[in-house]
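One chain, chain A, links the two complexes that follow: it is found with chain B in the first and with chain C in the second.
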Partner chain A sequence: MKRFRRQFFLGMLALIAATMAALWLHKRFCALPDYAFLTGWILFAVMLVLTFFNARKKLPFLALGKAETWLQIHIYLGFFTVVLFLIHLNFRAPHGWFEITLAWLFALVSASGVVGLFFSRTLPRRLATRGGEAIFEKIPALRHALKTGAENLALGKEAKSPVIAEFYTRQLAPFFEGPKNFWLHTFESRRPVSALLAELDDLRRFTNEAERATLDKLAALVRQKDGLDYHRALQLTLKLWLFVHIPLTYGLLVFTVLHIVLVFGFSGGVQ
Partner chain B sequence: MSEQLPAPDFDAQNYARPNQNWVCGHACEGQPCRHGPDSKGRCRATAECKPVLETKPGETKGRWRCTRPGEPCESGPMPDGSCCRPISKCSPVPTLRVWRRRATLAVIAASFAVLLVLLGNPSWRNNFISPGEISSAHSGEAFAALAATNRLNQNCGACHVAGNSGPNGMVKAALSAEPGFFEFNKFLDAHAAAPTAIDGSCEQCHVAHNFHQPNAAAVSCAFCHAEHQGKLMAAATDADCVFCHGDTVKMAAASTAGSVVPVIHHFAEDHPQFRFITEKWRDPDTLKFNHALHLMGATIPNLPGGAKLDCAFCHQLDAAGAFMKPVAFENNCRVCHSLQFDPETPQLQLPHGSAEFVTAFLRSLPKQYADLAAKKNQPDANTYVQQKLVALRTQFGSGDDLERRIFFSTETFGPDTQVGTLSGSTRALFPGCELCHEVKSSEAGSPAITKPIMPERWLAQAKFNHAKHANISCGQCHDAVHSKDTADILLPAKETCATCHSPRGGVVDTCATCHTYHNAAVAAR
Partner chain C sequence: MPAAPTILERPQRWDAAFDPDMTDAALDRLLATAPFRDMDAEKFPKRTPLREILRNDSRIRRFRQGEIIVRQGDYGTSAFLILRGATRVVLKPHLPPALLGRQSPGKKGFFRTLAQLWNGSRPAETFSRTRLRQAAGLGARQTKNEVHVFLQDLPRVMDEHRTEQMTGGDFFGEIAALSRMARTSTIFADSDDAELLEIRWQGLRDLMKYDDALRTHVNKIYRERALSSYLNATPMFQHLTKEQVDRVAEQIEFATYGDYDWSGEYKRLAQSGSVQPEKEPVIAQEGDYPNGVVLLRAGFARISQKLGGGERTLNYIGAGQLFGLREISHNWRNKDSPVNLQFSLRAIGYTHLLIVPTRVMEEIVLPSLPKNELPEAIEIVKDELGSQPVAEKGAREKVGAEILEFLTENRLFNATASMVIDLDRCTRCDDCVRACASTHDNNPRFLRHGPTSGSLMVANACLHCADPVCMIGCPTGAIHRESFAGQVVINPDTCIGCKACFNNCPYDAIRMVEIRDETGEFMVDQEMKPIAKATKCDLCVESHGGPACERACPHGALTRINLNNLDALSKWLKP
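Our next item is the complex of A and B:
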């Protein structure tokens, strides 16, 4: 925690200093005729550095510094890019279809980055608070094991309770069949599992001692399945934001390259 | 809470590799095969083991041995050497990593496709790449007609060479740009404001930069005038103006003998005092007007209705609200300065505007009175006319005396003689033309009255809008209450303007707030 605070303090200090310096340089040099070319190239270079973070993760064998350091650089440089972007626009709104599209792409990439940062700072804490561990790639197998266990309890050779079998077929089978309640888990709602457990509890009135023991085991499996769904929902969220951030980053780079071609092709100096 | 989840186990045989692109189709059942899919997502499952043929010395056929990890199977290999426990084939499942890569490639492909479609179609290209609306001066029917005259295109090609090209042409144009892609030293060059190739397009219509003063021809139009900013071309910024006007060397070069162009950075700091003050301009108007008297004088009567005479009575905004309407005798002076010369005949008023008309009017007084008698249905018109003329003679003497008094008198109080109900010390109804006008006697005909000269604008190159200054009183800028001389120019000094128009005053103080930068002679055309 102490290390994190130190990193945060140093990062913010660097970001504020860089922003102040950039704004001072903007005020000092904004009258230069080709100022927009200069800020544009700087912005593009910084965007490439940010994009290279993705490549860095795929090249773990190269001695390019720790991935953690790269991540910190990526975060604070990402925020600084927004400042550079505004400076490049000279703090004016863009005009025209192409430039507005380009600006929207930049805004979406930046916003998705901020959302991703928020997720990566909050969701692991929530997962730790909920307890348990599950490797995302193994969640289907774990779910299958829970489903098999519940099926054996309710419908297996040892099971002799038509009440539990009927309840399992009607209520529990769809629950164990696949991942459930993605959005409710994302928003920390436990309403569905509470309702299911309440129904299981109700069932106790119609069961004998042996069946109640089975119901207790089934309730434990329901809780485990709910915990698994919770882990899947939050871990998936931690991965899904990248489905916006990374593809749009490359789309942004394509548009940016064309933007560079257009501004040079249509600049005053073209013969 | 930890009891709610199964404890993580680590099975070296089933080690999960999240970096792999594909996972076994049986993984979701918790039973992935040992081999797993290949890198292209094909199932590699064959059998649980690959039996090995062991041949003992002396044997010819040998014996197949099960190589299944863990324990060998009970049945052992088949006679032909194949495993007896084949694994059912699965459909490998792509990992999220693969889906993300696919999404990335899809976005890249879609970006290229959209751009190629939009750039490849000439009718869409211009609208798509245009970085904003063209100013009304460079678009619309008037520009189209002008462009046709100069054999220009009306689209991007009117100004940009690359505007007529497709994607290939744009790339070629970009590669030939000056400064080029990576000429960073030129991007930092402050002298790069010199005319560029695109100025050639500007000069098709604006020959030799004639919209600006000739000494500014060495600056590219685009340096100050940013196009694609909307219907109104964006005003040049202070930075644009100061680029030249704040440069000592440039201004020294622009100065001519006897005309030093000042170096200016900010209005409140080093903008020179207004010329009407430094060059001591005087109002050449021959009309005699005393602002102080009219505003503060004890002898100035109240207006009809009882209101006190103030600035707004004479100085009223024009329809646009920017400037004041010219002061006119009929609207602003007649209410106090009556042209009635006969105290007992208010229906007869001297004409205003022409000395000849006044002379003719006075010399036809019998006819004027006769007409009035006819209008008033007087039973004896001749007697009425005679009575009026006698009364005039009693007050003014002969006709020549009357005429002389009308033109040249400046007496604001009437004669001492009793005329009708008025005693001699009353205020004169009509003191005489010379009270306000310059009247010169003429041997032949009427005296000459110099026509008043009232300049509409003193600082013709400056913009001003009275309506925007309505929240401050006139006296804060125009020192009229102390002005007794018509020749005073009652404009504020620079310091008065800078009270508000400065960083300290908080009101906008850009160059373009007041100045039009176009060559006045050309702009007037």
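Our next item is the complex of A and C:
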């Protein structure tokens, strides 16, 4: 979409310009006596602006602008924060356990943000391509309905095939029991469902016409269950990365405040 | 052995009478009253005799002084004949929204907006007892089957508004009923013994069909009250003189197609998956001689073209749009190479039309149009399959054939503010749902789920329809448009939970919710049944900044869009 391409182009342009300006300013003013304090405060202010995005999400009824604009600012300012962080460190490695922990927290928050951005931009397209939209909270109920349907076909009053009943108990019951193949779905592998469908297909040799019709219905339910697992895996991934990014952000903010207190405590403050 | 089929009586038109309690004595009295006593019963076919029309398509309603009969802005399906007593129509100024049971429009103030910060932990849909009392100036009287809302301070209403009395024998509401337009005035009872005959549109249509006097009377009113102003506002007639407009108005024909109660039928067809263009009533058939230019006054129609054994949708048109002008203009300018209709026009749901006959077009309208306003001549291009004209490409090119069919099949062109989600960008984070809940009593007013076509989803949120069938039959006027052609909103304070709008909505966008008191307990009536209210998306009409759902989407995946106009959708899909 052109709109998103334009957003990307303008964002990148702003990021490159801001980075070049910051590096030029660093080169020119890094010898100033309180330079580390200055860059530290700027870095802290930018980090607070980044966290305000979450506050914006919690206050949707206030006219605080579109979340889309906030996210764009969050993304590009986030990348710029990495530049500011390196400038604040004066491009040297951190030392001491506190500084190293702080640096690690910063790196993990940044990395989880980048991973989240990657997930947000790639997984929705995969979900849409696969089709069969399902609301995450309703997935257990849908899975239960599929399990009941399969159980009735294989073991219900109308079912009269010992071959299918045995196969269901051995192979299909565990498959329908709960979510399956999280990692394989995340990496777009269809190996397990193909194997299961192949096994179902093999049973056709030992079944009559009526039983084959049941096998067809079971195969359709297996495909639906696999689609549901796929949606669960990808939607869960889209939700879980935030459970890494946000707690780490809070940790980083706590360490940052401690860092400021310690710096002022042991330096006597800015004179 | 195959199972025996279930045999039942074929459903008939009058299976559900308007008033099942209509008695023979009441019918005798009606038949002895004007205008029915002057109607020739012999002219009515045996299938639909006059007496049975009255028995099944009408009901007698009684009102006390001050009770509202119809409200300005409401959509109605019936006309009224005053049998006894008097009614009064409010001319100017119109009654304020609060007196009609509607919300006074207005945004939330700063403190009310801020209060949502600490209201977030309250149970959903909390009402205080005082809020549930009727708004000042408006009362309600419960009769056996219905609720009558009345104006409490009637002398003041009469004092502040110009009104006019109508008495026995007067008809009103017939134009709104037949053309499915909003009622233009509020009418209330002006005596305690007001007795009115309410005739639903099917009955009125049949009465007009078989009684010349009634047809002439209604057509005259239509031409006088509605047609001239409508023609004056239509671009095609802009260059005509007043006399010419009057001549056109005299010769225009009216027609209605489809089912007025299409929403119920559509729900049934959609559930069975059998919505097919081939089953829709044909207004004009591809290949036929163009008899006139069709002007859509209300409803929607599908432009389609034969393709193989079926019909492919090329576009849909709504109120104010034309069909057949290009062919008639071509034939007028190219008498040697006339063409027939290039496409078919089919009614979707209910359609009310004006037809300007070809002769009138050629003699009066087309000569008045400047050359640059005449449509281009038709060029018949033979494609590989034969002599079939190449399809009109506009709408299909804009959004693609698949989406066009999808919007038409799901009747989504009715939407003026549908919630469209781009599934390629939606991370299913539900920020839109949470934003909606935060803005509306902790109860989201939509489901992030709905029909999809490719990566396009139209979520289960109120579409704020161009043809809002939900507004038909609300007894208290709680569901209404916020402004002319504006958002459709529900005033929770005057909603009585009758489910009329909930049952009418063909898109399942209205939900009944059980309300709670300040302690979080469900409110119940004397019979210990929970009190419910209808809720739906109100497009955050009270909030600043527009719909919260749209503002809350961090990925730009959700928008509220007018599907009457495909340009907006096309721009959003390919911005």
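Odds and ends about this structure:
Please note the rule applied: the second predicted complex is superposed on the first by the 267 of 271 C-alpha atoms of A that agree within 3 Å, B and C clash if a C-alpha of one lies under 4 Å from a C-alpha of the other, contacts with A are read in each partner's own complex, and residues count from 1 in each chain.
We adopt the following convention: contacts are C-beta pairs under 8 Å (C-beta built on N, C-alpha and C of every residue); 3 or more make two chains touch, one makes a residue touch a chain.
Here the structure is a predicted model, which is why all the values come from computation and not from measurement.
Of the two partner chains placed around the shared chain by superposition, neither chain B nor chain C is touched by A:Pro162.
Once the two complexes are laid over each other on the shared chain, residue contacts for A:Lys239 go to chain B and to chain C alike.
In the superposition on chain A, A:Ala63 makes contact with chain C only, not with chain B.
Look at A:Gly227: by the touch rule set out above, it reaches chain B but stays clear of chain C. In the superposition on chain A, A:Gly251 contacts chain B only, with no contact to chain C.
Legend: residue contacts after superposition of the two complexes on their common chain; A:Glu133 is shown touching both chain B and chain C.
The partner that reaches more residues of chain A, of the two candidates chain B and chain C, is B.
In the superposed model, A:Leu71 makes contact with chain C only, not with chain B.
Comparing the two complexes, residues 131, 133, 135-136, 239 of chain A contact chain B in one case and chain C in the other. Touching chain A in their complex are the following residues of chain B: 1-2, 4-8, 16, 18, 23, 27-32, 95-96, 99-100, 103-104, 106-108, 110-112, 115, 119, 127-133, 156, 160-163, 165, 169-181, 184, 186-190, 192-193, 196-199, 220, 222-223, 228-230, 239-240, 242-243. Residues 113, 116-117, 423-429, 431, 434-435, 438-439, 447-449, 452, 454-455, 457, 543-545, 548, 550-557, 573-575 of chain C are the ones that touch chain A when the two sit in their complex. Residues of chain A that touch chain B in their complex: 29-35, 37-38, 41, 94-99, 130-138, 140-146, 223-224, 226-228, 231, 239, 242-243, 246-248, 250-251, 254-255, 258, 260-262, 264-271.
The touching residues of chain A, when paired with chain C in their complex, are 1-4, 57, 59-63, 65-68, 70-71, 119-120, 123-125, 127-128, 131, 133, 135-136, 235, 238-239.
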